[in-house]
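Below you'll find a set of structures to go through.
Note that subunit A is present in both complexes that follow, paired respectively with subunit B and with subunit C.
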Partner chain A sequence: MKQGSSIVIDPVTRIEGHSKITLHLNEDGRVEEARFHVTQFRGFEKLCEGRPFYEMPSLMARICGICPVSHLIASAKACDSLLAVKIPPTADKLRRIFGLAQVTQSHALSLFHLSSPDLLLGMDADPATSNIFGVAQKNPELALDGIRLRQFGQRIIERLGGKRIHPAWIVPGGVSEPLTEANRDAILSALPDALAIAERTLEWFKSTMERFREEISVFGNFPTLFMGIVKKDNGLTFYDGKIRIVDASGHVVADDLDPTKYSDYIGEKVEPWSYLKSSYYKPNGFPDGIYRVGPLARLNVADRCGTPRADQELAEFHELQRTAVLSSFHYHHARLIEILYCIERLEQLLNDPEILSKHVRAVARPNELEGVGAAEAPRGTLFHHYKIDEQGLIRWVNLIIATGQNNLAMNRSVLQVAKHYVHGNRLTPGMLNRVEAVIRCYDPCLSCSTHALGQMQLQIQLLSPTGEVLDEVSRS
Partner chain B sequence: MRQAAPVKTLKIDGRDLSGRQEETILDVARQNGIFIPRLCEMDGLSDVGACRLCLVEIKGQNKLLPACVTVVEEGMEVTTDSERLQGYRRMILELLFTERNHVCSVCVSNGHCEMQMLAQRLGITHVHFPYRYPKEEVDASHDRFVIDHNRCILCTRCVRVCDEIEGAHTWDIMGRGIDAKVITDLNEPWGSSETCTSCGKCIHVCPTGALFEKGRSVAEMLKRRQFLPYLTMMREENE
Partner chain C sequence: MARVLIIAYGNPMRSDDGVAWRAAAALQGRFSSDEVEIVSIHQLTPELAETIHRCEAVIFVDAANNGPPGQISSAEIRPLQTQPRFSHQLSPDAIVALAHQLFGARTHAFSVTLTGACFDHGESLSPAVEAALPALVTRIEALVQQFLLLEAPPD
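Up next is the complex of A and B:
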């Protein structure tokens, strides 16, 4: 495997996007600083300037093939506010269904396809087998469950939007087509199987946690703030609500924040070594305003889920720690509880008597020149902010993506793992696996967060105090 | 007794066919279910032979002739589909794709675009020429309609329908060659055009997503074109 100073590991790693990690050593040979560099750039905010805003949801959906629905939703909400309309209640519910299906399939991808090899085969497993095929060999039922659960989510998206990836169904003002009775019934009939998968995976996950005590203690286990959107009753939601921020002790530090005024409390810092900006909570400054978003944060900020099974699991989850649940390893656990919630919530929404209404779109001209849309994407809070001219053409765009908001925490997590596992000036595959695994906890989407096009690659450099490359490991 | 119109007999793709003397090869082919690709030609409008996609081979002539403006002749032997013609047609379409910015996936006409459908029919999977990526503007100044020059292929259907059917002649062409573009009035914003009647015919004859109704999202711009031959016929009857 060794070729000079680099170790090439094939097949490719299980993260979404291009990245590089540098570990800086002090004079004693201990890791002093770690940087998670995102080395790709796309510029979606610039290329949509001049386009009619009605195209924005579909244009923005192209940022990502995994969570196009999240971008569709945030973008359409920004466009709704440009139209200054209240969308029909059925459209609102249909968008929620779409979003829940998206969260289910994306979480399934993260947990089963990307992270289950670490969880099932262990952090020291051979990279050649540490993938979904390795999982299929060792535990075929788990691998099949993952594929089925993702399929469940994707099929809902297809039934509503016409296709699984980049559907153009969500439009400014609502959705383009109502839900048919046949499609509703088909989705409802698939719910019990999906729920059973979610239940048994959660049980399996909880039974494996004991094996990862060491990882739990160093996988991003440090105090930060947590941010997420909550409903009026402080319950879990993915579609709409107010921003809530809690601190590491679990106390609410900010509540009822208007998502459309995100720039009042979220700052973004550009580092010269990464295309990914780092978000921080403005009142605490940079970098003390470090906060996390995504499943772990959502469950830390939410008081309840609002569905029976998920609420039971949430109560158990909150018992993991008396404060907020701090270790990023628990992102996996939170992800599974959210899947459970999504499936239960889907059932509630699909049984709503209004859900088959044909009135699913509000028609208006642009009435505002500026609009913000915020929603919870699988990986965390997503903001789309547009300004248009009198003709309805886009003049300015700002996107704040979940992975950017987790950037500071991911950097600190890599540092924590490196400090714990890297000794001396050599890198070992087990260490690389753990660095990757901690990044995977956040399920970062680098393509989304830099709005950039890229292929999976991870490179780790070990640097001496003088900047000399002592060791380098890359996977490409 | 009415005198019968002079009829010409000819062969198209080996089939013995006949057409009236004023009819074009494309007319006769269409009546007989023979497909010849075209983007500028449209039933109900005058023919300009601009897109060159309907070029056909005629026995005894080296030159390829556009089927939409070539009238039938006695004894003509026409080939509408050959490897050579397919090659040219693909090349013309590929050049159209490179000339401006055609991004099907986020276009209002995705799935309903004549150029996209033709590309699929001709089996175009790649474009072999470098894209030009010009910076073209979008004019959304009109109250109801938008022109996106990125998607215009200069077929001039809008110019013809506006002039010949609506009688407004709001649209025209400015510039030459690669600099040509469709304009409203004397290159003023569409929204301030004094001649435009906002009838919307140009929207519906446009083969791509260059002209569309405001508020249409991706893949939502369905175009209705059946009205044209009917309108033309009714006007001729009234004259």
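Up next is the complex of A and C:
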């Protein structure tokens, strides 16, 4: 063993964005430190300055091709604040439908296309077959279900927004067009199949968990805070509510926090080795204020889902641990329960007697110079904060993205997995894949969080204490 | 579902990479909807496999980055025999392979490409590509017409 070593994984595969991982070894050849570097940069916060505020939802949707709807929603809510309007009830419900469709298709992408190769073929499978083609070969029904569930979500978005990616249907004050009866009926007719896929996949996932006991024990299995937006009754929501934070024991640390006052309790730290900022809970300071957001966090902070099947599954999920559910491996499980919830909730909303109302937009001029919009994106809580001048031109923008809020936890998870699996100065595919797989649990979206001309790549480097590259694995 | 699916893909904000979108726009209205469906997208994703299997033929239209700018090439596509590493962004032969593997698709597949000169940020085409665009549209139209002349299989 040479003195001073590190391992670099570059690029990280099957995630949304461009990153690398560096594992630093001590003189005994054991992992001492691990870093998840995000190597792409976008700068949306600056390029929006000077644009009219009403362009923001469409501009912000361009941040991401996977979750443009979440940015549309948070941005439109920030603009609603600038207008100081209450949007029509039907517009509120239609935005929720749009958001639920987006969560379904995004979660389907994460679980079926990106993570199911690990879950179905195993963490030690040949990287050349660890993809949707390998899944299609071993379990065609699972691959088909993934394609159909993602299409289900995308088609709802297309029906409402006119296109699957970067739809501009959500606007300041509401939505641009009401829902037609034909579109409502078409979406309702697709729900039973989608529900059957969600149920089938959840059962399949639970049946595989026993095979991953070791991974569950070391995939981001440590105490942190968990944060999410919940309804007034502490139920699961993706659109609107209060911020709730629980600790690792499951006790509520903060409740009834106003999302628009996020800067009172969320801090952001810049590290010189990554374009991704790290968020932390201010009262606990940095880095003790480490918290997680997204599916695992949402199910840890919510007391209930509010739909029958998802509530049954949530009760079972909460039984996984007497405390909060800590292992990030369970993000997958939480994602599936959320898909179930989304489909059930879509049915409730689409059967609402007001849903076909033509009153879907409030019109006003700007009445405030500052506005904040917050919503739950697939990967976690999303904040858009704008300041405008008297002419309605954007003067300042701050975006806090879910992946940044999980950054501390992702780094700690990589370290935990690397310490458990990586020994010596050589990498094996199984080690490498587990280091990547723990990141996939969080389903990070780096295009969103660095606000890239990105490519999906990952690099792992093994570095000596003196910085010498001992081994390096790249995928491109 | 239409008999022929035209998938125009690329990034219309990266200059010549958007040439397929321009060709798709020029082809709109030239065929009946039960004959031809045209979609313009940024990249190829696995979900297209399901759409492809319901058509008799699919034509992938893209910008190429090899050869002299303005060069038009077309070829029949065979299902990819090896597995691609990424599933976010697939090649036409990978999509065709997936459609075959999952849906038993027997769709005829073709690619038509036009070699670009500039892939920088921008929404306009380079002079060579702009000049070759009508010929690209004509080539696609001829391919579609050629296919439509074939007898439709029984339902």
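As a convention for this text, the second predicted complex is superposed on the first by the 464 of 476 C-alpha atoms of A that agree within 3 Å, B and C clash if a C-alpha of one lies under 4 Å from a C-alpha of the other, contacts with A are read in each partner's own complex, and residues count from 1 in each chain.
Throughout what follows, a residue touches a chain if its C-beta (ideal position, glycine included) is under 8 Å from a C-beta of that chain, and two chains touch if they have at least 3 such contacts.
Remember, it's a predicted structure, so these values are computed and weren't measured experimentally.
S.K.: Which of the two partners, first being subunit B and second being subunit C, lies in contact with A:Ala168: first, second, both, or neither?
M.R.: Only subunit B is touched by A:Ala168; subunit C is not.
S.K.: Return first, second, both or neither, reflecting whether A:Ala128 touches subunit B, subunit C, both chains, or no partner chain.
M.R.: second
S.K.: Between subunit B and subunit C, point out the one touching more subunit A residues.
M.R.: C
S.K.: Would you check which partner chain A:Leu144 touches, where first means subunit B only, second means subunit C only, and both and neither mean what they say?
M.R.: second
S.K.: Contacts for A:Tyr54 in the overlay, against subunit B (first) and subunit C (second): which applies, first, second, both or neither?
M.R.: A:Tyr54 contacts subunit B only, not subunit C.
S.K.: Could you look at A:Leu191 and tell me whether it touches subunit B, subunit C, both or neither (first, second, both, neither)?
M.R.: neither
S.K.: May I ask you to decide whether A:Val253 touches subunit B, subunit C, both, or neither, giving the answer as first, second, both or neither?
M.R.: Neither subunit B nor subunit C is touched by A:Val253.
S.K.: Is A:Gln154 contacted by the first partner subunit B, the second partner subunit C, both or neither?
M.R.: In the superposed model, A:Gln154 contacts subunit C only, not subunit B.
S.K.: For A:Gly392 in the superposed arrangement: first (subunit B), second (subunit C), both or neither?
M.R.: first
S.K.: Please report the subunit A residues shared by its interface with subunit B and its interface with subunit C.
M.R.: The answer is that subunit A has no such residue.
S.K.: Along subunit B, where are the residues that touch subunit A in the complex?
M.R.: It comes out as residues 105-106, 108, 110, 137-141, 146, 148, 191, 214-220.
S.K.: Using the touch definition from the top, list the residues of subunit C that touch subunit A in their complex.
M.R.: It is residues 41-42, 46-47, 49-50, 83-89, 94, 97-98, 101-102 of subunit C that touch subunit A.
S.K.: Which bits of subunit A are touching subunit C when the two form their complex?
M.R.: 13-14, 16, 65, 113-114, 127-129, 131-134, 136-137, 140, 143-144, 146-148, 150-151, 154, 165, 456, 475
S.K.: So in the complex, which bits of subunit A are touching subunit B?
M.R.: Of all residues in subunit A, those touching subunit B are 50-52, 54-55, 57-59, 62, 166, 168, 171-172, 176, 363, 365, 391-393.
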